[in-house]
Each structure stands twice: as structure tokens, then as C-alpha cells.
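One chain, chain A, appears in both complexes that follow, with chain B as partner in the first and chain C in the second.
Presenting the complex of A and B:
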């Protein structure tokens, strides 16, 4: 019964994709994409039920679907780890599919709506199959389908220059990722003679090389710094439901891959150090870059980098503690990392979906042009707030628990006998703490500037609440943020892990009681005489939106403190009416931020590749005679070789 | 009467080589086509000699098919095309001038001999020097045909190059293995199709590939840099 749910879900998804794509450019296109999205929701629910069954019973399901040859086969196996990631994908897919029903109607081009829906179904399907894959061959196969379908989705508005740039970045990076995975798998295949994932057992050097390739491949896809650059380009360029899927789920597939192979390979300490270091770097730089962003979706994309960093910190700690012989502490770190994976998938998808609603309502992604939306879109504002609070790791929401688990692992670093490791963990802890604080600051900015005060543009003034289904889609995830936070210790208990997380139900009740008490007390104490007045405006007679605290203003102090990292250049030009420079005429001030990785790493490499490509291209002119001459020269060389060796 | 097969074959092979050399050197297209017809005739005669020697009917059939298709139909057809195109001589050459091409082909002959002698020693059915020589000449002629293809600009002479290559293949197969008759016939049908297509191209492209290529790619970089010149002219 439970096994059929798995195949049923996949088949329904495939049907959903087909229906939507067949409906393109027909008079039934709208009904086709609706049916397709409803089917996708159903399929995701089926998959969720299947995954939940495996998770709760600690079951194991494997199937050999199809084999081309005994070496190249599509075989699937779902154990607890896979089921956990399957459930992440299906939870987010349910919400995104519901959200997409009204959302795709905002797309300008009629014939692209069905395409988005169809490709989205393929995208979800390929992610599910990557997770379920048991042989490296099918893993790579579906990984590539995942990359291609998401690339096409990113390119939805392909006419825009910005989207084209995003597309190139994404395409190159995602294929670099596939390339490294291909190297890794080929390498493992050469060592073991099979594409079976479970067959990897080899000596330390061999596994280290394999791990190096795997880490690069998965790291690029997950968006760790310095391979992160595609994230802040691809997420703003793609439709918001797709950003939710890509940021919420797709980069987690890379985490799954990494964790899966870490389970199989014999671990080594330096792997843990590498993962921890890259994770810490990604976390802190991700949030620092996010602070200066005023494009709401790009801000969220940088936060994805930060959260991937946090997840990797958990994974790195797992490796370090396990190798050093402290399995239970390592398990706590891993559970923290995995729980954060789930949490991040939920609140990041929620944030992307609600920001999609905001972008649709205001027509801009720049938060400086928003403001005052809490009165115009109260429900969306509430949902965004829940997401923001969760990502800022405030209790009793889910982000708090997972970050707490990782913090707790850090606190136990004194058990390590290696003082170098201890010092390293201490440093990482400090940086991690900074990350959490900055994330909260960043979301104060994002929420405050977007929703509070007065609108700063006509579009923001005219914004309307989003359609009901978009709210419902986001609300599912918002509800989960609360539930996963408050019932976290019960959930871990249900899954059979006894770990030292505080019972948030208890804390939640206490907190709620406190808030209630304060509320009642304030009501009793407060002056009952109503006084309607304006906030003091420094003596200006009329207050308008120009007097508000802007996003740039909010983040300026942090940008100034961290100017060594941002490489800011402040330039100001002033001109005066008189020689003594006392009567001000006009002035211009600019803060320029160096895009360090793009200008110092990506573009030089890209230019070098381009130069080589031009050289090679000049050899290939499409001239038949020339190509025959190449063939001739090649055969002559072969003849010489034969003569030499024969 | 017993034919002195070995000597005869050797003489024929030298003559085939000579025709290949002429094809590399000649500028006049009419005589190129005639040389090709003569070369095909020589190969057909060689097949005939082998038939008399071994008595395999396939070889006789091969000779007949050769004489009909490659000595008569294809050269005749190409002659007509040449008359219509009204191009008599190849003026320009690519990469190699005819004399250098000839020298290169001499070296190729040497290398092929050196490289193939150890390789085909095991396959030597008749266990004779004739066999090694035949294989060497066959492969060398394939190479010489290739040289003709990439040194000439005219489509018609390119086609002659392809046809020469095919003769080389046949020669090689005559000595080395018995090519099944069916494949032989298929190759000849291919050749006829090739000449037909080449004719279409030749008419469409005003006789050189470059011009056709330029017409196919109006947006290529070279084209775009050329355009301003054209407007100024």
C-alpha cells in the first residue's frame, strides 16, 4: 500500500506536467494549468504520506525501476534520510502549488503560464527522484534534469538583460556542479567498478579525492561562498514560486547529496574542518551581503547562502565530533543541521512566496519604494513577519530550535582533546553568533522598511491584498513554522531521538502567559484618556514619507563598521556659490560597493575562458576544406604514431 | 595462356599511382575528369586480372559495375556539369601548392609503407610482396584524394578528390579482403548521389564553397566587418 503511494505520486506529477504542457496555446489552457497544479498538490501530499510512513516506522523501500545495462540502472531506495528530504520537498511543493494557482496568472505572457506550471511539475519530480536515487547513474541523470528544468524556469522572462545574466551565471555554475559530481562518480566507479551508491569503501587518499569532487559539486549547487554568485542573480530573476522552490528545496538536494555520501564514506577530520570553515564563511558573508541589499528577493537569496552556511556548520560539526569519537554530540549537530534544513526550506519558501505577493502588488522589488504595506496587505504582512521571526531564530519559532541545537554542539567543544580543533570551534562559534545577530538586524530592516510607516511610492500606496489561495499557500508554511517550533521536542521524541532541546510547548505557554500578563497590566495601568496626535516631526509642519528611516539609512552603520569586507568607496562632490565655500549650491554623494567575488574571481576566470574559446573558435570556421585538412593532418599523425610504436 | 599476373598487377598499380599524381597536379578540369575515368578503368582491369587469377565471379561483376558507373556514367555526367559551369581551370589552391602536395604525397606513401608493413603482415593471404604493395598503394591513394579535397577550391575538383579516395578504398579492399558485392554497389550508388548533390551545390554556390558559406551566414563576424566596405564601394 505504502509503496504504491510512491509510484502513484510520481505518476500523478508526470501527468500534471503533461496536462499543463499539452494545454499550452489551446482554449483550455487555464483549466489545464489549474488541474495540473491541483494534481501536483495531490501528488505532493501522497509523497508526504509515503515519506512520513518511512520516517515514523524507520522503514526502507527500494525498487529497481529500469535498467539500460546492469551498470546503468535507474534504481531507487528510500530510507529515513531520503524520506526526510522527500518530506521537505513535498511540504514545500504542496504550499507552492497552491500558491501558484493565482500567482501564475500574473505572468504577462499567456503561453508562458502553462510552461511555468509544466516545468515546475518536472522540476519537483526530478528533485524527488534525485533524492530517491540509489545508483549514482540515476542520481546524476535526475540531477541534470533538475538543473535543466530549473534553468528554463529561471529564464521565464528571457527578454530582460538581468534575466539573461542570471541565466548565464546559473547555467555555468550548475553545470560546473554537475561536472564535478560526474568526476566524483566516475572516480568512484573506477575504484569500485559499480555505480551503486552503497559500494564505496576505499583507502583514505581515494576517498579524500572523491570527497573533494563531491564537496565542490554539491557546494556549487548549494551556493556556498565563493560559489554562491548564481543565487543572488537567479532568485530575483525567476518567478517567486520558482524562487521558493529553488531556494527552499533545490539547494537542499545538494545538502542531501553531501550528507548521503558522508554517511557512506569513512570520515576524516579535515573534511569536517573544511565543511565547517566554508559553512562559517558562507554564513557570515551571506548575512553581511544581505544587509546591504535593497532588492527584497536578492536579500532573501543572500540569506539562503547564510542558512546553507548554518546547515553546513552543523554537518561539519557532525563530521568533526564523529571522527573524534563523540557520536552522540555529532548526532546532535547533524540533527540540528538537518532540522535547520527543514526549517529553512519552510521559512525561506514562505518568505519568497510572501515577497512574491508584495512584488506583484507593488510592481517593484526595491524595498525603498515600498512602506506602509501592513495596512494594505495585513495578512501577507503577518505571514512575512512569521517567516522573518523564524529566520531570525527567535523563540518559540522553528529557526530558534535548530540554531540552538548547533549552538549546544559548539558549547560541548571542550570535550575535544585536540586544542587546535577546540580553538577552531571557538572561533566558528563567535562568527556564528555574529551571524545570528546580523540576520535579526537584517530582517528588522526588511520588515520595517517594507511594511511599516508610510508608502514611499504610488504603487505601494495602491497595493492590494493578494488572492486567497496565495495567502493559504503561505499560511500552511507559516503554521508549520510555529508548529515545528513549539512541538519540536515532541517531534524529536516521536522520531525516536532523545536530545536535549527545551520543551518549547512549555516555554511557549510561559511566554504567552507573560505577554498576557503584561497586556493586562498595561491595560490596567494605562491612561484611559485618548489623545490623538502626530509623532513629533522635528518641527516640520507636514510629515511625509521622505522623513522615514530608509533601508540604506538603517544598514549604513553596519556597512560602515564592515567597510573592510564591503570594500566601500564613498565619494562626495560638492559645489558652492561663493569662493569661501559657505553657500551650498549642489552636491552628490555615492557609496560604491565592490562586488568582490564577481570582479576578482568570476569575471577574470570568465574572461580567460572566453579568450581561449575565441582562439579555438578561430580554428573552426565552417570551411569544409579546412576541416578535411584537419582530418588529414590528424590521420597522418596517427600513422606516424603507428609507425613509431609498431 | 597463363597471364604474368604479378607483373601485370605491379604495372597497373604504378599506373594508378601515376594517375593519382596527375589528379593532384592538373589544373585543367576536363583532363582531371578524364584522368579519373582512366584511373577507374585501371582499377576495373585490376579486378579483372584478379578474376582470371582466382575465378571469383564477384570480381568480374565488380569490374563490370566499375566500367559502367565510374568509367562511363560519372565522368560523363561531370563533364556535362563542367561544360555548363564553364569553368575550365583551377586557379587558386589552399594550404599546399600542387608541387608541394606531390612531395607531401610522396612522404605519405613512404610513411604508409613503413606503418603498414608490420600491421598487415599477419593478414597477408597470398604471402607476397604484391599484397603489401597493393595495400600501401590503396591507402596512399585515399590520402592523395584527401589532399585533392582540401587543396582545391572548386567543388568539381573536390568531387574528383572524393572519387579518388573511393578508388583507393576499393584498391585496398581488392588486396586485403573481399568486400561483399552489396557494399560495393551501395558505395557506388553513394558516389552517384554525391556527384548529383555536388552538382546542385556547384550551381548554387557559383563554384566555390566560401561564397556559399557567406550566403548561408549573413550575420557571421566576417560578413559584418565586410558590410561597411560594400556600402562604400
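Presenting the complex of A and C:
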């Protein structure tokens, strides 16, 4: 019974994709894409039911679907871990599919609307199948379909220069990721002689090499620093429903892969240290870059890097504590990391969806041109606020609980016998704390500048609330932010984990109770008179939006304090009329922000590749005789090699 | 676990924080006034201010939204919940309902988040400036707070504040680690309650103000709630420092006599700390905003030293 839900869900998704694609350029195109989105929602609900059943019963479901040869087979197995990630994908997919019904209508080109919907169904399908894959062959196969379908979705507005750059970046990076996974799987295959994920057992050096490749492959896809550059390009370029899926879900598939292999491989401490170090670096640099970003979607993309970092901190701590022999503390860290994976999927998709609504309403992604939207789009504002509070890890919302679990793991590091490891963990703790506080600062900026005070442009002034289904889609996720926060300890109990997290139901109830109490008390004891008037502007009349604090102004103190990290270079030249330098003539001032990773890492590598390519190019003159000669030389060399070894 | 006793603890502790916290605001002002050769306001002045603010009408900016209206209540509610986490006079039996140190910190962060949003809500440059500076400072102080709390968690092997106090109470001598922690916590109090050299609670001059700028648009009952919640926050942080460094006086016995004694002892301890804060403020000069990371570095250094001692001891 329960198994049929799995297959049914996949089949319905496939039908949904086909309907939408077949409907392109016909007179039924609109109805086709609507049907297919409704079908996608249904399929996701089926998948959610299936995953929930396995999560709750700790069941196991495996099926061999199709086999090319015994080595290359598509086989699927869903255990608790896979079911957890399947439920993440299906929850977000439900919300995104509902949201997309009105959202895709905003696309300028009529024929691309169905394409977006169809590819989106394929994208969701491929992510589900990656998670369910049991053999490395099918994992890699669907991983590649996932990469290609998302690449095509990023390229929706392919005419734009910005999109082309994003597309190339994403295409290259995602294939580097696949390449490293390919290396890892081939390596494991050569060692074990099978593509069966469960078969990996080998000596420390061999598993370490395999781990190295796997971490690189999954790390690039997850967007850890320094392999993060594709995220801030690809997310703003793609439609917001796709950004929600990519940032909320797709990068989590990489986390799944990492955790899955960590379960299979015999762990080593240095892996944990590496994961922790990269996680901490990604977390803090991600949020620091987000602070100075004023493109709302790029800001969110940098926060995805930050949150992937936080998840990896949890995973790294799990490895360290487990190897050192403290399984229960390690479990707390891992559950914290995994819970944060779920939470981030929910609030980040929520934030991308609501920011998509804002971008549609105002026609810009620059928050400096927004403002005052809380009055024009009150529901969207409320939903965005819930997302912002959750991502800032404030109680009683969901993001808080997962960060609390990771903090509590850190606080128990005194059990470790290795003092230097302990100090390393404390260093990571300090950086993690900084990350968390900077995230709150960043979202005060994002929410405050976007929604509060006066509108900063005519477009923002004329903004209208989004269609109902866009609100409903986002509201599902916002509701989950609250539910997963408030009922966190009950949920852990239901799943059979005894985790010492504070009972947020209690905290939530007394918080709300005090709120009500204060509200009533103030009505009784305080003066009830109210007056609405101008903001005090030091006596100047007619306050306008030019006098408001801007996003750049808001982040200025942090940017100045951390200028060493931003590598901001301020240069100024001045000339004067007289030689005493008292009468100013003219001047020029520049602020240059160094794109550190792009200028120092990506471009040098890209240029080196280009140079090699040019060398190779000079050998290929298109001359048939020459190419035949190459072929001949090659065969001779191969024969020589065979003769030598035989 | 005795529910009634726990409830009684909750009511007593919350009411105590709510009612006594404004006293220390005036006391610090008084100490500073004496240091400057003035007589200063009466100790009841903060209460009078609050009462007066409650009687005034509330003025809202036409630009502002419901954030402005909800923030004062959210602030006060978060601080009321937080005051359940720091036992000041009566130490209840161990419970996992309240006391988690991280939750305590993040309740304060919740209040601050909304306060900063309200600063931006009216569209005035003052509010924006205050919010921006406050968030920058709170981001920088956060690693220090976490390290200090981590060293407490290391020392007492718990993440619960009441259990830490219980551990401190079980030590009959001055814990050297507690002294080092106390110095870092002192700097945290100065920063978090917006005092010189970080901020100046006394002026409304845009060069110096941070916290005051952020709540500039608040008025009437809303301002009263904001003022009260910052007073409560100050008392709670003072309570953490005092009951770690000199926990003696905290009672575990729920009887009128021992409660009265504990109350008197806590007031004495808190008065001494408030005098120290006042004198510290009088000796320090307001620091330039971008010099503050230097002050934080001192606190960070102390926190790290504490931790190194704990790790290698």
C-alpha cells in the first residue's frame, strides 16, 4: 500500500511534466500548466505521506526498478534518512507548486511559462530520485538530470547578459561537482567492484581519498565557500519559484549525499575538523557578504551559503564527537544539523517566494528602491517577517531550535580529551555566535528597508498585494516555521529521539500569555489617547524618503569594522587652486570592492584553462590528413603500451 | 517537582524584576551625579518617569506600521519570560522548563530585533542610525557572550542558569574562573545596557546616542514599556554576574524569613554592583564608535583566557 504511494507520486509528477510541455504553444497552454501544477502538488502530498510513514515507523522500502547490466542498475531504497530528505523536498514542492500557479503568469514570454512548469516537475522528480537512489549509478544519473533541468530553469531569461553569466557559472560549477562525484564513485568501484552504495569498507587511506572527492563534489553543489560563487549568480537570475527550489531544496540534496556517505564510511576525526572548518568559514563569510548586498535575492543566496555552513558545522561536530566516542553528543549535533536542513529549506523557500512577490510588485530587486511595503502588501510583509525571524534564529521559531542544538553541542565540548581539539571547537563557537548575530542584523536591514517607513520609488509606492495563491503557498511554509518551532520537543519525542531541547510550547504559551496580559494591562492603566502625526525631523517640514536611513547606511558600521574582510579600497584624489591646499578645485573618490574569490581564485583558474585550450587548439587545424596522422600515432602508442605490459 | 512551588518562584521572580529594576537605573544615575559633584535625582525618579509616561498620550508617526505598536509589548513580554530564567532570590528545584542559557540570550535577542525594526519604522534618520549601530555592536559582542557562557557551561557542566547558580552555591570559596568570567560579564553588562564608554544613556545628541536614538520615536506608554524592559534587562544581566560570582544569599528554602533574608542580601549585592557600574561610567569617557572593537577585544581576551585555563586545567 505504502509503496504504491511512492511510485504513484513519481508517475503523477512525470505526467504533470508531460502535460505542461505538450501544452506549449497550443490554445490549451494555460489550462495545461495549471493542471500540471495541481498534479505536482498532489504528487508532492503523496510523497510526503509516504515519507512520513517511513519516518514514523522507521520502516525500510526498497525496490529494484530497472537494470541495464548488473553493474548499472536503477535501484531505489528509502530508509529514515532518505525519507527525511524526501519529506523536505515534498513539503517545499507543495508550497512552491501552489505559489507557481499565479507566479508563472508573470513571465513575459507566453511560450516559456509551460516550459518553466514542465522543467520544474522534472527538477522535483529528479531530486526525489537522487534521494531514493540505492546504487551509485542511479544516484549519479539523476544527479545529472537534476543539474541539467535546474540549469535550463536558470536560463529562463536567456537574453539577459546577467543570466548568461549566471548560467555559465552554474553549468561549470555543477559539472565540476558531478566530476568529483564521478571520481569518487569510480574510485570506490575500483576498490570494491560494485556501484552499491552500501559496499564501501576499506582501509583509512582509501576511504580518505574517497571522502576527499565526495566532499569536494557535494561541497561545490552545496555552495560552500570557496566554491560558492555560482549561488549568488544563479539565484537572482532564475525565477523566484525556482530559486526557492534550488536554494531551499537542491543544495540540501548535496547535504544528503554527504551525510549518507558519512554513515557508510568508517569516520575519521580530521574529516570532522575539515567539515567543521569549511562550515564555519562558509557560515561567517556567507553572512558577511550578505550584509553588504542590496539585491534582495542575492542577499538571500548569500544567506543560503551561511546556512549550509551552519548545517555543516552540525555535521562536522557529529563526526568529531562520534569518532572521539561520544555518540549521544554527536547525535545531538547531527540532529541539529539535519533539523536545520529542514528548517532552512522551509524558511529560505518562504523568503525566496515572498521576495519573488515583492520583486513582481515593485519591478526591482534592489531594496534601496523599496520601502513602505508593509502598508501596501501587509500579508506578504507578515510572511516575510516570519521567515526573517526564523532565519535570525529567534525563539520560538524553528531556526532557533536547530541553532540551539548546535550551540548545546559546542557547550559540551569539555568532554573531549584532546585539549587542542577543544580549543578549535571554541574558536568555531565564537565564529558561529558572530554569524548568528550578524544574520539578525542583516535581516533587520532586509525587512526594515524593504517594508518599513516610506517608499523610496514610485514603483514601491504603487505596489499591490500579491494574488491569493501566492500568499497561500508562502503561508504554508510560514505556518510550518511556527509549528516546527513551537512543537519541536514534541516532534523529536514522536520520532523517538530524547533530545534535551527546551519545551518551546511552554515558552510560546507564556510569551503569548504575557503579550496578552501586557496589552490588557496597558488598556487599563495607561492613557489610551493616541495621535498620529509626522515623524520628528528636527523641525524641518515635509519629511520624505530621501531622509530615511538607507540599506548601505545601515550596514556601514559593520562593513567599516570588517573592512579587512571586504577588502574595500577607498581611493581619493584631490587638486587645489592654490599651493596651500585651501581652495578645492576638483577631486575624485572611488570605493572598490574586491571580489576576492572571483578575482583571485576563479579567474586565474579559468585563464589557465583557457591558455591550455589555446595550445590544444593550435594542434587542431581541421586538416583531415593531420587528424588521421594523430589517430595513427595514438594507435601505435597504445599498441606499445599493451606490448610493454603484456 | 512541585508545581505550586515552581509557580510561586515564577511569580516572585518576575514581580521582583519588574518592580525593582527601575531602582537601579536611578541608583546608577545618582552615583554618577555624586561623582560629578551633583546631588542627582531621587532614587524613585525612574518610577515617577514611568508613571508619568503612562499618563501621557501615545504619538505615532504617520509612516509607522503595526511594528511600532507591537514592539514595546514584545519587548516587555520577552523580558518577562527571560526573568523566569534568572533566579535572583529563590533558587527553585531543577526544572527543564526554564533556565536554558541560550534561550535566555535569544529572548533578549528577540526583543532587540523588534526594537531595531521599530527604529526603522518611522523613517527618521535617528532611528535608523540607532538601529544600525545597535545591531553592529550586538553582533560584535555576541561571540564574547557565547564564550563567557560556554566557560560557565564548562565549569558547571550544565546549560541551565539555575543549575549554574546551584553549582556556584556549592563552591564555598571564590572560584578563580568565576572572577575572570565576572570581568567579561561586567563588560557585557556595560555594552548591553548601553552605558559609557559604548553608549551614553544620558544624552540625545546624535553623535553619541545608540539606544536612545533607536527609541526616539517611542512615546507615552510605549516609551514606558521600552524603558522598563531595558531596566529589566540590566537587572537580569547583573543577576547572572552576581549569582555566579557571589551566589551566597540565594535561598533554596521557601519560607518567608529566608526569602526576606535572600531579598535583602540580593539587594545589597546589586546595590554594590550598581555603584561599581556608576563609578566605572564616571571614570570612562565615551569612546568613538569605531574604537569599540578595542574594548570588545579586551573582553574577548579575558573570555578566551578563562576558557584556556578551563581546558588545560
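Here, the second predicted complex is superposed on the first by the 605 of 646 C-alpha atoms of A that agree within 3 Å, B and C clash if a C-alpha of one lies under 4 Å from a C-alpha of the other, contacts with A are read in each partner's own complex, and residues count from 1 in each chain.
As a convention for this text, a residue touches a chain if its C-beta (ideal position, glycine included) is under 8 Å from a C-beta of that chain, and two chains touch if they have at least 3 such contacts.
What you see is a predicted model; the values in this text were computed from it and never measured.
Looking at the shared chain after the overlay, A:453 reaches chain C, while chain B stays out of its contact range.
In the superposition on chain A, A:153 contacts neither chain B nor chain C. More residues of chain A lie in touch with C than with the remaining chain of the pair chain B and chain C.
By the document's definition of touching, neither partner reaches A:345: not chain B, not chain C. In the superposition on chain A, A:242 contacts neither chain B nor chain C.
When the two structures are aligned on the shared chain, A:640 is found in touch with chain B, with no touch to chain C. Within the complex, the chain A residues that touch chain B are 622-626, 628-629, 631-632, 635-636, 639-640, 642-643, 646.
Within the complex formed with chain A, the chain B residues making contact are 94-95, 108, 111-112, 114-115, 118-119, 143, 146-147, 149-153, 158, 209-210, 213, 217. On the side of chain A, the complex with chain C involves touching residues 371-372, 374-375, 389, 392-395, 400, 404, 407-408, 410-412, 414, 419, 422-423, 426, 429-434, 436-438, 440-441, 443-445, 447-449, 451-454, 500, 502-503, 506-507, 510-511, 514-515, 518-519, 522, 525-527, 529-537, 543, 545, 547-549, 553-558, 560-561. Within the complex formed with chain A, the residues of chain C that make contact are 54-67, 73-74, 76-78, 80-81, 84, 96-98, 100, 102-103, 106-107, 109-110, 112-113, 116-117, 119-125, 127-129, 131-133, 135-136, 138-147, 149-150, 153-154, 157, 159, 216-217, 220-221, 224-225, 289-290, 293, 300, 304, 307-308, 310-312.
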